[in-house]
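Two complexes are shown next, each including chain A; its partner changes from chain B in the first to chain C in the second.
Entry: the complex of A and B
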C-alpha cells in the first residue's frame, strides 16, 4: 500500500514537474505569473483528442499537441502579454487570468463540458515491478516528462540560446545592452513554456479524460510547485513537482481526497512563511 | 480640510442622500436585485482597493473574507439564533481577526508571492466551506438566514435593503476617505512607493500592512454579512477563486488607489455582466476578451485615464508642453 502510494505520487509528480517547468521558465524571463498555464494543458489535451479522431498514432498526437499549444500560446502572447511588457506585473497577471477565462469558456462553448475519452494503446495494461502496479500510460508520462525536463535543462545550461535566456531572466536591461534580443527571447520562452504544458495535457488526457475546466486545478498545483522549488528555479520546479505529487498521494491515502487541495495549499503557506525563497534557491539581498 | 476637499465631501454627501432616497422609488424588481448586488460588490471592491490600490499589496483571496463574513453571519444566525445585528458585529470582528492572522505571515511577502499566498488563502477557505459539512453544510450551504429589521423597518423589501446597502457603502467610502487622509494613509502611500524607503524613514511597514489587511478583511466580512442577509441562502460556490479574480479585475479596471475607480469599475462590470446575459453561453468568452482588451489598452484604469484626459484638456498650453516633454521622458523609465 505504502509503496503503491509512492509510485502513484511520483507518476503524478512527473506531470506536475513538466507543467511547473513551463511556468517557472515564463516567470523567470517575463516576470509573469501565468494563471493561464493549465489552460494550455487543456488545449494540448483537446488537440490530442481531435488528432486521435483522425486516426493518428497516439505518440504522433502527443508531439503535434506540442505544436498546437505553441501556436495558441503565440497568439495569446501577442494579444495579451506583448502590449504589457513594460507595465506593472499585476496587470500581466490579470491579463493572464483573462486569457484563462477566455480559453476555458471558449472550449466549453465549442466542445461542450462533457468529458471526452482519449484512447491509447497503453491504457489498459499495467505492469508489475516489485509488487507495485503501474499502468503503462503512467510509465510513459514519467519517461516523457523526465526526458523533456532533462532536455530543457541541457538547453538552458549548455547552449548559447540557453545562456541568453538565463541572462534575460537575471537582468533584462543589462542583457539587452549586451545585444541579447530580450523581446524575442521572452516570446520563445513563453511559447516553449506553454507548449511543454500542452504535452503534459496530451499525456494526462487518457487518464483523467478531457474537459474544459481541467486546467484550473493544474494551474494551482503548478504554482505551489514553483513556489516550493523557488520562483524561476528550474531544478527546484522539477524536484518540487515530485514532492507535491508524493504529498498529494499520501494525503489522499491517509486523510481524505476532499481536503487534498486545502492540504497542498497549507504546505504552500508553510513554505512561504519559513522559506519564501523556495527549498533550493539562496536568499538574495534586495537592492534599493 | 481644504476648500476643494470640502466641496468633494459635500458632493458625496449629496449623492448619498439622493441615492438612498432614489432607491425607494425603484420599481423594477430585476433592476433592484442587480443594484443591490452591485452595491455589495462595490463594498468588496473598495476593500480590495485598500490592499491593491492604497497599500500596493495584492489580494487574490478576497472571496475568502467575503465567504467567512457570510458564513459567520449564517452560522450564528441559524444555529445559535443570534439576531442579525449582533451576528453582524461578530462577522466584522472575526473577519478582521482573520485578516490579522493572514497578515502575520503574508506581510513579509510581496509581489507574486503575496498573490499566490492570498490565492492559497482563498482556496483553503473555499475547501473548508465545501468539506467541513457539520458546520458549514458543505456544498448545500446554509438556508434560512434572517433578513434584518432596521428600527422596525423590515429590510425584506428590496427598496429598503437597497437604501440600507447604499448607506453602508457611503459609510465605507467615508471611513476609507478618512483613513487614507490620516497618518495611516500617508504611511500606506509611502510603503506603496517603496517599502525600503518607508522602512528607512521610520515607518513600521509590517504594522501598517497588518492594519490594511485587518481593515480590508473587516470590510469584506461586512459585505459578506450583507450578502447573507439579502440572499438568506449561501453556498460555497459564490466564494470561489473566480469571485476573487473578478473583484481584483474590477478594481484594476476602474483604477486602483482611488475611491471612484472601484465604484466605476463595479458599475461598468455589473452592467456588462447583465448585458452579456443576452449571449448566454458565449457570456464568459466575451467577458474574458473584454478583460484582456481593457487591461492591454488601459493598464492604468478607466477613471485615472479619463481624469488625466479631462485635466489635460483644461490645462494651459504652456503647461501642456511641459507635461508632454515630461511624459516622453517618463516613458523611457523602466517599470520595476
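Entry: the complex of A and C
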C-alpha cells in the first residue's frame, strides 16, 4: 500500500505542478492571482473532447488544446485584464473571478452540465510493477508535465526571452527603460500560462471526464501549491505540486479520506501564518 | 368593479393572514375553505409541477414534466375529470431553494392550484410542502427519496416512491440472499446522503453476519479516487459499494479497474438509466444497483406506459423520473374521481384510504405519514443494458 500511495501522490502531484506552473508564471509577471486558472483546464478539456469528435488522434488533440486554451486566454486577456493593467492588482483578481464565472456559465449554456467522456488509446490499460498500478494515461500526464515544467524552466533561465520575462517580473518600470516590451511580455506569459493549464485539462479529460465546473477544484489546489512554493516561484510550484500530491495521498491513507481536503487546506493556513513567503523563499529569492 | 376587487382582495388576504396566525400551520381548514380551490370549480383542475427545468438537473426535471404531461393528456382525452379539463402548470425552480419556495408560493396564491408535485431535491420538497400544507393542497413526492420528507407531520404529503432506508434495506436483503459477498468496502460521498447510506448499510449488513472493511469518503465534485481505492485494495474486500451518484460513481468504477480492483460493484438509485453506461463504459459492466422502475417489467400497466411514452416522445422512459410523476398525476386524478370533488380535505382523505392502488411503479398504499410501501428493484448493468434481476414481493 505504501508504494502505491507514493505513486498515486506523485502522479497527482505532476498534474498539480503543471497547473500551478501556469498560475505562478502569471502571478510573477502580471501580479495577478488568476482565479480563472482552472477554467482554462476546462477549456482545454472541452477542446480535446470536440477535436476527438473529429476523429483526430488523441496526442494531436492534446497539442491543439494548448492552442485553443491559448486563444481563449488571449481573448480574455484583452477583454478582462489588459484594460486593468495599471490599476490595483485587486481589480484584476476580481476580474479573474468574473472570467471564471463567465466561462463556467457559458460552457454550461453551450455544452450542458452533463459530463462527457473522452476516449484515449491509453485510458483503460494499466502498467503493473511489483503490485503497484499506474494507468498509462497517468504515466502520460507525469511525462508531459515533467517535460513542460523542465522546458518552461529552461526557457526562463537560459533564453533571451526568459531573461526579459524575469526582468519584467522583478521591476517592470526599469525593464521598460531598458527597452523590454513589458506589455507584450505579460500578454505572452498569460497566454502561455493558461495554455499550459489547457494541456493539463486535455490530459486529465479521459480520467476525470469533462464538465463545466471541473476547473474550480483545480484552481483551489493550484493556489495551495503556489502559496506553499512561494507566489511566483517556478521551482516552488513544481516542488509544491509533488508535495501536495504526496500529502493528500498519505493523509488519505493514514488519517482519513473524509478529511483529505481539510488537511491540505490546514497546511495552506499554516504556511500562510508561519512562512507566508513560501517554503522555498530562502533557496530562491527571485520571482520567476 | 376594479375597486371592489381591490377591497375584496385586501379583505381576503386579511382573513387569510388572520386565519393562519390564529390557527397555526397544523389546522388550515379555515383557510382552505375560503381559498381558490373551491372557488374555481368550473375552470380546469390545476396541477402544479415544481422541478428543475434549466441548468444542471434540467434533464431529470424535463423527464418529470413529460411523465406528468402524458398523464394529463390521457385524462383529458378521456373527457377530463368531473367534467373538467386538467391543466399542468410546470414551474422551473432551478434546483434553488429560494426559487423553489417562490414558484410554489406563486402556484398556491396566484394560480390556485388543486394539487402540487415536486421536486428533484428532497430538501426543497420539504420547504415547498411547508407552503402547500397551509392550504392542505394534496402534494406528491415522486422523486425525492430522503427519509425525512414524510416525517415533517404534513397531512397532505404523499410519496409514491421508496425512500432511502427502504432501498438500502432491499439492497442488503438481496445481497444476503443472493450474493456471496462477505466483506464489503464502502466508498461514499461526504454528504447526508452518503453518510446516511454508510450508517444504515453497515448496521444491516453486519447484523446479517457479514463485515464492512472500509468506510471511505470523498467530496462531491472530486475526480480522483485513487487514494480511497488504494486503501480499499489493501483490505482486500469481495465487493465495493458506491454510495454516491453517477458522475463520481462512474469515475470510481473506472479508476478501480485501472488499479486492478475487479470486485463486484454495488450502488443505489444513482446508477439508473443509460448515463452510467455512457460515462462508465466497460468499467460499470456487471454493477448491481437499486432501481425504482424497470421499463421491461412484465406488467400490463408498465408496458402500456412505456409504449404511450415512446409514441409521444420518441424514446423509452428508462428511469423513474417520468414513471413516478406519471403515477403521481394519476393517483391524484383517481382520488378526485373517488372524492367526486377537488376539495383538498376530501382528496387527501381518499389518498390516505387507498389500498394497493396499481400504478406503473407498483401497488401503492400510503402509510399514515404518506409514504407508499413499494419495493424497489435490484438491477444489473449487463453489456450496456439495464436488466431487472430481482424484485421482492
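Going forward, the second predicted complex is superposed on the first by the 277 of 288 C-alpha atoms of A that agree within 3 Å, B and C clash if a C-alpha of one lies under 4 Å from a C-alpha of the other, contacts with A are read in each partner's own complex, and residues count from 1 in each chain.
Methods note: a contact is a pair of C-beta atoms (placed from the backbone, for glycine too) under 8 Å apart; a residue touches a chain by one contact, two chains touch by 3 or more.
Keep in mind the model is a prediction, meaning the values are calculated, not measured.
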Overlaying on chain A: chain B and chain C, fit or clash?
fit
Taking the superposition on A as described, I'd like to know which of chain B and chain C A:79 touches: first, second, both or neither.
first
Counting only touches as set out at the top, which of chain B and chain C does A:115 meet: first, second, both, neither?
second
Quick one: is A:12 in contact with chain B, with chain C, with both, or with neither? Answer first, second, both or neither.
second
Which superposed partner A:265 touches (first chain B, second chain C, both, neither)
first
Going by the contact rule set out at the top, does A:89 touch chain B (first), chain C (second), both, or neither?
first
A:100 contacts which: chain B (first), chain C (second), both, neither?
first
Who touches more of chain A, chain B or chain C?
B
Just how close are chain B and chain C at their nearest CA atoms in the overlay, in Å?
5
Where on chain A do the contacts with chain B and the contacts with chain C coincide?
108, 216, 256, 258, 261
What residues of chain C sit close enough to touch chain A in their complex?
55-56, 59, 190, 216-219, 221-224, 226-228, 230-231, 233-234, 247, 250-251, 254-255, 257-260, 275, 278-279, 281-283
Chain B partner, complex, touching residues on chain A are 27, 33, 79-80, 83-84, 86-91, 93-95, 97-106, 108-109, 173, 216, 220, 223-224, 227, 231, 256, 258-259, 261-262, 265-266, 268-269, 272-273, 276, 286, 288
Which bits of chain A are touching chain C when the two form their complex?
1, 4-5, 8, 11-12, 108, 112-115, 117, 123-126, 128, 133, 135, 204, 207-209, 211, 213-214, 216-217, 248-249, 252-253, 256-258, 260-261
Would you tell me which residues of chain B are touching chain A in their complex?
52, 58, 105-106, 108-109, 111-113, 115-117, 119-121, 123-124, 127-128, 130-131, 194, 196-197, 241-242, 245, 248-249, 252, 281-285, 287-289, 291-292, 295-297, 299, 334-335
